[in-house]
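Order of writing sets the labels: A, B, C, D, E, F, G, H, I, J, K and L. Residues in every chain begin at 1.
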Amino acid sequence: MQDHIYKVVEIVGSSQTSIEDAIQQAVTRASKTLDNLRWFQVVETRGHIQDGKVHHYQVTLKIGFRLEDAARD
Amino acid sequence: MQDHIYKVVEIVGSSQTSIEDAIQQAVTRASKTLDNLRWFQVVETRGHIQDGKVHHYQVTLKIGFRLEDAARD
Amino acid sequence: MQDHIYKVVEIVGSSQTSIEDAIQQAVTRASKTLDNLRWFQVVETRGHIQDGKVHHYQVTLKIGFRLEDAARD
Amino acid sequence: MQDHIYKVVEIVGSSQTSIEDAIQQAVTRASKTLDNLRWFQVVETRGHIQDGKVHHYQVTLKIGFRLEDAARD
Amino acid sequence: MQDHIYKVVEIVGSSQTSIEDAIQQAVTRASKTLDNLRWFQVVETRGHIQDGKVHHYQVTLKIGFRLEDAARD
Amino acid sequence: MQDHIYKVVEIVGSSQTSIEDAIQQAVTRASKTLDNLRWFQVVETRGHIQDGKVHHYQVTLKIGFRLEDAARD
Amino acid sequence: MQDHIYKVVEIVGSSQTSIEDAIQQAVTRASKTLDNLRWFQVVETRGHIQDGKVHHYQVTLKIGFRLEDAARD
Amino acid sequence: MQDHIYKVVEIVGSSQTSIEDAIQQAVTRASKTLDNLRWFQVVETRGHIQDGKVHHYQVTLKIGFRLEDAARD
Amino acid sequence: MQDHIYKVVEIVGSSQTSIEDAIQQAVTRASKTLDNLRWFQVVETRGHIQDGKVHHYQVTLKIGFRLEDAARD
Amino acid sequence: MQDHIYKVVEIVGSSQTSIEDAIQQAVTRASKTLDNLRWFQVVETRGHIQDGKVHHYQVTLKIGFRLEDAARD
Amino acid sequence: MQDHIYKVVEIVGSSQTSIEDAIQQAVTRASKTLDNLRWFQVVETRGHIQDGKVHHYQVTLKIGFRLEDAARD
Amino acid sequence: MQDHIYKVVEIVGSSQTSIEDAIQQAVTRASKTLDNLRWFQVVETRGHIQDGKVHHYQVTLKIGFRLEDAARD
């Protein structure tokens, strides 16, 4: 994290397994269209309930990535 | 809201009529370039005053939309 | 608001019409099972989007009501 | 909003009709004694309940106005 | 989440195993006495320490459930 | 605070004497209808003014209590 | 708290005795120059330490008062 | 900061040069009509952009000043 | 509070008597091992309940003290 | 700021010189790929330390820009 | 948690495995130099990304421990 | 920032010159007694006023440093 410029986007990942998996799902999806992903921060952890059980977790992340000099963000 | 991934963008709508109209203006504009809009959350409600009257409302929204598998976001 | 004791519950009302109507829906429903409702406070204003339009508003309220001396709350 | 100095005051408007009307009531009242009102920001939306209905809305605003060079604020 | 009314309650679940298990414990317990549970939101994640180790996690949730038309909440 | 499940309710106590007394009033009232009260947290301290004097304090508390295994909450 | 307009000011009271006394000091001072004081809300509780003891409390209040129709605020 | 009473006002200063200059502009303006200014706290730092450059900074301050015994505030 | 450097530590004091006493307990304890204590700020006010009564208050403070030039903090 | 729609993006600028320069770096980079930049708001000010000195500042900004009627955002 | 005094420190733990492991790493490290650790609270959950995958989690905790009567903290 | 453990302390730096200088003063002082300082985050920016001018800035920082394996923190 030197003299670079970063952009931060907000992504919601979900998973039926765990909070960590929901985070990884969001990061994986973001990495398909964005380069140079560097860090994330958990903004909110929610989930849906079905028949008295956690059906899936939804984790909202801020994800930061380094901007190339002239790339369209 | 099942096992999908969502992106959240921040849009400011404005209207001379009402808060609801400012929200709708922001949603309408977002829907022109983004598909699969699902929900919004009001982040801030402001407005401008002219001659002692509310001239227009400005409502900042977070808007969530589902990401397609390979779409550029 | 003299020397009374109040309880505060959190209710989410929704409406396809307006934020005010969503608030009134929540208050109306709460008044069916709770007596002595006194005030509300808007905690969050959200909504769902369908086909690029606001489909309905969802307003989360804190609603305060006075507790009777021996009533089950 | 150029090189000016602004003061921000906090006003609570109320209305039996709508949130927008409560905002306008606050702005109207502020404009009677303050010049150069420029913007407002909603800080809190509350209200009172009577007989299971919203009796009136109370909206707390921050209102910003430009300070004249030597005017008493 | 259509035109329904929801109530939100705050429950603290605990577990010696994981944060996810503490969430599930809270949801399971809530489902014993409340119907139509729909979603949860993590409000706080804490825990107790014994002999230099995490003894158990305590996760505070907001849990939302749909209100039936005339049910006592 | 071992492997138990807790529920948290929000109560507003008031007193003409002190903040501590307003807290105690809220706890006393809650203990009439709820068992196993364990802790409280002050959420807000307000009050009403009459003739230039504090007429009474109003303290909003979160109060946590342990849920029995099958009790209606 | 009917259809009135209120203004909210921020006052810091201090006392060597108690938090309640610091609140009362702020209210007393405000009542000297402002009419129709109605409520207060504690924003912050601080204090100064001297020789390992609390020397005085400083409590920051928001104080609300009803605006007369044409009064300079 | 002994047993005195303070009032806190909110002022927005602006400057094309720096954040510190915007703070000083607000303090200078406040000192023209208010005596006994003691401290400030930065509430928000914003600014306007023109032609891809920061045109001016806008810094919102809380400014505290000691109230004289009988002075109009 | 001139050109000095301060360190801020977080201490939780408790008391069966009052909030003020819990604050003083924390300050007294901090003063045993830290010099030059200058101010405190209340971060949180909680407490434990036993048999339907407040058993003791727990007040979390930030306490600021001036650092000597070369002292180990 | 009339009846327009704005989008808000989050950018982190960095600089070894000053907070203002880090802000300008972020604005300059954003202006390369986004038109009609209008305002910024500082969200967070951080920095990295090397050999006991501030090595560079990192300032996170929200930057608002007006959306053209049909432009891809 | 009776009439004791506690100190709260802020520790950042990290782990390539899970959030729970990052918490345990922080607690383990703190227990090496601090006695009587009692509870923790998660303040922030972040992480670093490498090659489109979560490389490690970083969890910031507040950790509370009971102060002995005369111990240096 | 790999698999290390960090501690975070809160330091208030002050300067008559600028916000950046106040930050540097805090970092310099912290580096005298703490090794491996890595980052800071601005928590609050305040200042004192004298004769209608900013006399000095006071900037509260969180400063993070890497913990050695067995070092006393």
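To be clear about the criterion, contacts are C-beta pairs under 8 Å (C-beta built on N, C-alpha and C of every residue); 3 or more make two chains touch, one makes a residue touch a chain.
Just so it is clear, the model here is predicted, and its values are computed rather than measured.
Fewest steps needed to get from chain C to chain J, stepping only to touching chains, is 2.
Common partners of chain F and chain H, by the touch rule above, are G.
By residue number, over half of the contacts seen at A-B repeat in one listed pair from F-G, I-K or C-D, namely I-K. In this assembly, the chain whose C-alpha centre lies farthest from chain D is K.
Averaging Cα atoms per chain gives one point for each, and the point farthest from that of chain B is the centre of I.
Spacing of chain G relative to chain I, judged by their CA centroids, is 24 angstrom.
Averaged Cα coordinates give chain A a centre that lies 44 Å from the centre of chain G. Centre-to-centre, using mean CA coordinates, chain F is 30 Å away from chain K. Each chain gets a centre from the mean of its Cα atoms; for chain D and chain H, those two points are 21 Å apart. In chain J, the positions touching at least two other chains are 9, 18-19, 48.
This structure has the following touching chain pairs: A-B, A-E, A-J, A-K, B-C, B-D, B-J, C-D, C-E, C-F, D-G, D-H, E-F, E-K, F-G, F-I, G-H, G-I, H-J, H-L, I-K, I-L, J-L, K-L. Only residues 18-19, 44-49, 52-54, 57 of chain H touch chain J when the two sit together in their complex. Across the complex, chain K is touched by residues 18-20, 23-24, 27-28, 31, 37-42, 63 of chain A. Only residues 1-9, 62, 64, 67, 70-73 of chain B touch chain A when the two sit together in their complex. On chain E, the positions that touch chain F within their shared complex are 9-16, 25-26, 29, 32-34, 48, 56, 58, 60.
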